[in-house]
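In the part that follows, the structures are each spelled out as structure tokens.
Two complexes, one shared chain (chain A), two partners (chain B, chain C).
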Partner chain A sequence: MTQRDPIFRLEGVTRRYGNLTALDGIDFVAEDNAYIALLGPSGSGKTSLLRVIAGFETPDAGRIWFQGRDITDLPAHERGIGFVFQNFALFPHLTVFENVAFGLRHGAQALPKDEITERVKSSIEMVGLAGLEDRSPEQISGGQKQRVALARSLVMQPKLVLLDEPLGALDANLRERMQVELRAIRERLDVTFLHVTGSETEALAMGDKVAVLDAGRIVQYDTPDTIYDGPVVSDVAKFLNRFNLFEGSLENGIFTGAFGAVPVTNPRKNKSDTYAIRYDRTQIFDAGDANLPGPALPARFLASEYLGSSIIFLFETEDQKTVEVDHHLSLGEPRPLTVGENYTLSWNPEHAIVFGKETAR
Partner chain B sequence: MESKVLKPILAVYVGLFILFLYGPFIVLGILSFQQGPEGGPQFPIIEWSTYWYKHLFGLTPPSRIAPLPVGEALVRSLTLAFMTMVTATVLGVMAAQAFRKRFRGAGIVFYLIVLGMMVPGVLTGLGTSLLANNVVGVERHWWSTAFLAHVVYTFPFAFLVMLAILNRFDGSVEEASWSLGVSPMTTFRKVTFPLIFPGVLSAMLFAFTLSFDEFPRTLFASGRDQTLPLAIYGTFSVEIHPNIFAFGVMTTLFSFALLAVYGILMGLSVRRAKKMAMQEDIA
Partner chain C sequence: MTATSRNRQKKTTFRLLAPGVVWMILFLIAPIMMIVYVSFWTQTTFAINSTLTLDSWKNFFASEAYVGALWTTIRLWLIVLTLTFVIGYPAALYVGLMVKSKTISTVLLVLCVIPFWTSFLIRVLAWRPMLGKEGAINIILQKLGLIQTPIEVLLFSELSVIIGMTQIYVVFMVGPIAFMLGRIDHNIIEAARDLGAGFGRIFWKIIFPLSLPGVVVGAIFVSVMVLGEFATSGALSGRKVNLLGNIIVTQVGSLKWAMASVVGVILTILLGIVVAGFLRIVDLKREI
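Presenting the complex of A and B:
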């Protein structure tokens, strides 16, 4: 990826609601012309962050820079930042055409009628809604509403569009199609998308870069593959929903957990001692198998879940913790397992990521 | 099982309710067709006639019964109700809009506004009249002091109606408009107002009807020229003739016509509101 100039920058942005701190001094620099996914669990402050950038809410502290200008005190309608709502927020009393034309008609600069018509038409065409111009929002489907909301925003030619869980209200099928389309539409225009989502698959699939938000702070900002392979703290590993996490204790480079004591190298600074191994790096062996690649974790087989390209096997450890093993079918047929039987789970210790309060050896 | 007992009871209750609601009006309606000019305001009907309706419009030969002195009063009351309706609704919408954001002292301001409909009307009327006569030193008129008293009285109703409407209003369409570079002022005109219009209509209807038949406040505050309720009351003190009943039927029909207009306008804008609701359902 090439180096890009920042489109917007946050400096120590803080937002409190009473005693609750939704945004806790966020510093963030976003590249121009990029698709940035903002991933966070509910309550992490991701919607607050979006609303503060859009100007719907004022930060209690910190500055917001957009295209090199401090916009912290600028009202929303003077910012020129697009916003796509989860519930679409279409104007119910206007047709599709009038919804898209709204900003051009009633905005600050007066445009000639012909230009408005032309821009609205091409915007509607771009999102694939040609022919539906005269429908009212109640006469179109959820996916179509989403496109109208997008076209309405993009027709203003913003440099930054904020999308608040834009796919949350769509069904699974449509969601996947819109994922591809959102990316394609963005690439055609010189615009940055900041897409907020609570879904780790959506964030990893869509973002050129992914920012992970937790408890009002951005804990990691990187490319999807870097985040996938190397979460910086155990909470990120937890959101990704792809790691078996084991609590334990780390002392003098030895991690002691349910699978015994294992020597570890380069633990990452964290608020707890946690050992993480990806689902698809965890392997299944017979109980008592001596020929293991690494630590031995005794576990009872509970159930399996067929996902088409892979199978998820669910195990339960002696301390009642569920452990998942993701077996990709391109690796061949999985070994037959009996429900309720005990097996040993193991993995190559080089693939493990260890988080600890103690980092130096 | 329960509904088998409950249903008849509820049916009887509703029947009685309707009877008490419309009974007086039906009696008035029947008596307005009494024979004239000898027939009085009581049963039995001597002979059915439309005499009193003709009498109302001055279409009968002169008799000992003077025509009802309501013509000018009616115009005054309609004008006053219209003025009150516009003022109270504008103020109500603005105040309710202000209450969408929490501000310091919001609770106190709320109760101060609502107090306008709680304070006994006679006291407000008397107070307004004393204030005008003794403190400010202005003459009382239906279009000045009485108008003020009417606005103070109807404004809380309009405010409460609009508060309920705006409470349920999803502000994200306004934010969407701002994010498209449209100023808050234009956003209100082009987005908020069209969507809350059913509520505005209700507030207008409230203010109009409350003002149109307002009595205790107007009694003291209106000065020399009487409004319709005062004029009608004035005729009672002499002698009651069925021409009042005929007039009552006419004004009621007028009210129904007003309600019909309201219903039609409401139906049109509820169709729009439904679209709004459907959009919210998806969220």
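Presenting the complex of A and C:
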């Protein structure tokens, strides 16, 4: 980081809708020239946060700083922050070219015609839509609309672009291609992307940094690998969708759960006692096997799901909880399993992450 | 597809179309053809016979009163159309776009329609005690000391006809426009704001173009009704304002079928031109 002001900064931003607190005193500092993914389940306030930053809504409390300037009271059209809508929000009566040119033609500063044409052309080329300038929005595909929406924001040369679940309306194939392209486009321009998503894989794949939002608060802001390996609270581990979580009780460094009592070190402060082990750290053993690397969890095999590079095995414990085991095929063929048979699941306790109301002294 | 099955499909299509076609021929095409035919009949003072002649048409265009009525009709139509648009659009903008709650916007639209619970003639005649020499408006203005003598031009003039027609038909402009405005995605307006456009730009470049189909439908409604009007001008102008509709009424009243037909044909042609002209502005099939 340079000595410059951060691109934007939130100070205790709070937004309420009646009794519902959508944003609960959010403090946040965003790096320049970064791809920031904002991950949160639906209802966590992620869209509200984006709308407050864009200026479509005013916060009930707190300040928003953009490029060293307090913009809390500035109307949306004077902020110069790009916004890409989930449903693209293209102007249906204008051609692709006119959609992209809209901000240059009708924005704050009047530009000469030649410059507008030139900037629009290069912007359309950048998103790979050259040749479609004269089409109307209803004559292009979903992926192309997404690109028009992006070009329409980027042509204004903003320093910050907010993307509200930009890939949500695309099919899986297209989504992956757009992920790569969004990152490539961002790297070519000196711009920060704040990308809101409900998909943990998308957030981890795309963000240079990931902010996890829960119940109107940012609970963790870090690089994707740090978050993946070390969620700070059990809720983050839950959204990541890569951990088997076991409720239990933690007392004097001993966690008691479905797999018995296990000594734990360095539990993380949390509102409940939860034991987390990643799907791909969980291993399968025969029932009664004595050579276990750690705790023993008896479970019944339910089904398997083939994912190409790995296989997910679904088990059910005695207390009706589903446990997943991710076996990567580069580790060799998985052992044959019989549906309905009982097995023992185990793992190396060093890989477990324990959350507890009681923390290490 | 084989020739027989294609043939069968053709027959099915024809059968499905037949009731509509028969209905249209019986109740639209045939009467119009009849009016055109009768307009060429020979009219004598007490009788009419089917000898074809151009006399009625020549009479119409030779008479200053009749041609004058044509121009009055066109002039009043343009004035009322403009007024319903100028008054109706802001109202529609409020109901269709500004009001966030769907319930409130429905309630407001219903309020606009409440006058229709009384009959058309009552609504027209209700303007007499409002606009008259000793009517409500004059009394209020005199009480307030704004005027010394009552404004007489308020009633039994072209002005009163314009006021009456505008009040009665403005709602037909509000409805379709509010409907189109209600369909605009709010994200589109926010996107325009995000791109730096102020309210004026957003209105003229986004909102107005997207509401244009509603304006056209409203304009067609108002035009069709105003061009065929006779009751408002009859009741509020004191016979000073003669529209084509009024001429038809008097000609039919005195059993001058040929002349009534001539005026009817002219009115129909005028309406056809107006509606066709409006439909050229937007492609309604694409919008609805």
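To be clear about the criterion, the second predicted complex is superposed on the first by the 355 of 361 C-alpha atoms of A that agree within 3 Å, B and C clash if a C-alpha of one lies under 4 Å from a C-alpha of the other, contacts with A are read in each partner's own complex, and residues count from 1 in each chain.
Quick note on the criterion: contacts are C-beta pairs under 8 Å (C-beta built on N, C-alpha and C of every residue); 3 or more make two chains touch, one makes a residue touch a chain.
All values reported here derive from a predicted model rather than from experimental measurement.
Visitor: In the superposition on chain A, see if there is space for chain B and chain C together, and answer fit or clash.
Guide: Here the two partners, once superposed via chain A, clash with each other.
Visitor: Classify the contacts of A:Gly142 with the two partner chains as first (chain B alone), second (chain C alone), both, or neither.
Guide: Only chain B; A:Gly142 stays clear of chain C.
Visitor: Now for A:Ala169: first (chain B), second (chain C), both, or neither, which partner does it touch?
Guide: first
Visitor: Is A:Thr58 touching anything from chain B or chain C once the two structures are fitted on A? First, second, both or neither.
Guide: In the superposition, A:Thr58 touches no partner, neither chain B nor chain C.
Visitor: Which partner chains sit in contact with A:Thr265 here, chain B, chain C, both or neither? Use first/second/both/neither.
Guide: After superposition on chain A, A:Thr265 lies in contact with neither partner.
Visitor: Does chain A have more residues touched by chain B or by chain C?
Guide: B
Visitor: In the overlay, answer first, second, both or neither for which of chain B and chain C A:Ala89 touches.
Guide: both
Visitor: Please write out, lowest number first, the residues of chain A touched by both chain B and chain C across the two complexes.
Guide: Touching chain B and chain C on chain A: residues 54-56, 75-83, 85, 87, 89-93, 102-103, 106-108, 149, 152-153, 156.
Visitor: Give the list of chain B residues in touch with chain A in this complex.
Guide: 170, 172-173, 175-184, 186-187, 190-191, 194-195, 272-276, 278-280, 282-283
Visitor: Touching residues of chain A toward chain B in the complex: what are they?
Guide: So the residues of chain A in touch with chain B come to 54-56, 75-83, 85-93, 102-103, 106-108, 136-138, 142, 145, 149, 152-153, 156, 169.
Visitor: Name, in rising order, each residue of chain C that touches chain A in their complex.
Guide: For this pair, the touching residues of chain C are 185, 187-188, 190-198, 201-202, 205-206, 209-210.
Visitor: How about chain A: which of its residues touch chain C in the complex?
Guide: Where chain A meets chain C, its residues are 54-56, 75-83, 85, 87, 89-93, 102-103, 106-108, 149, 152-153, 156.
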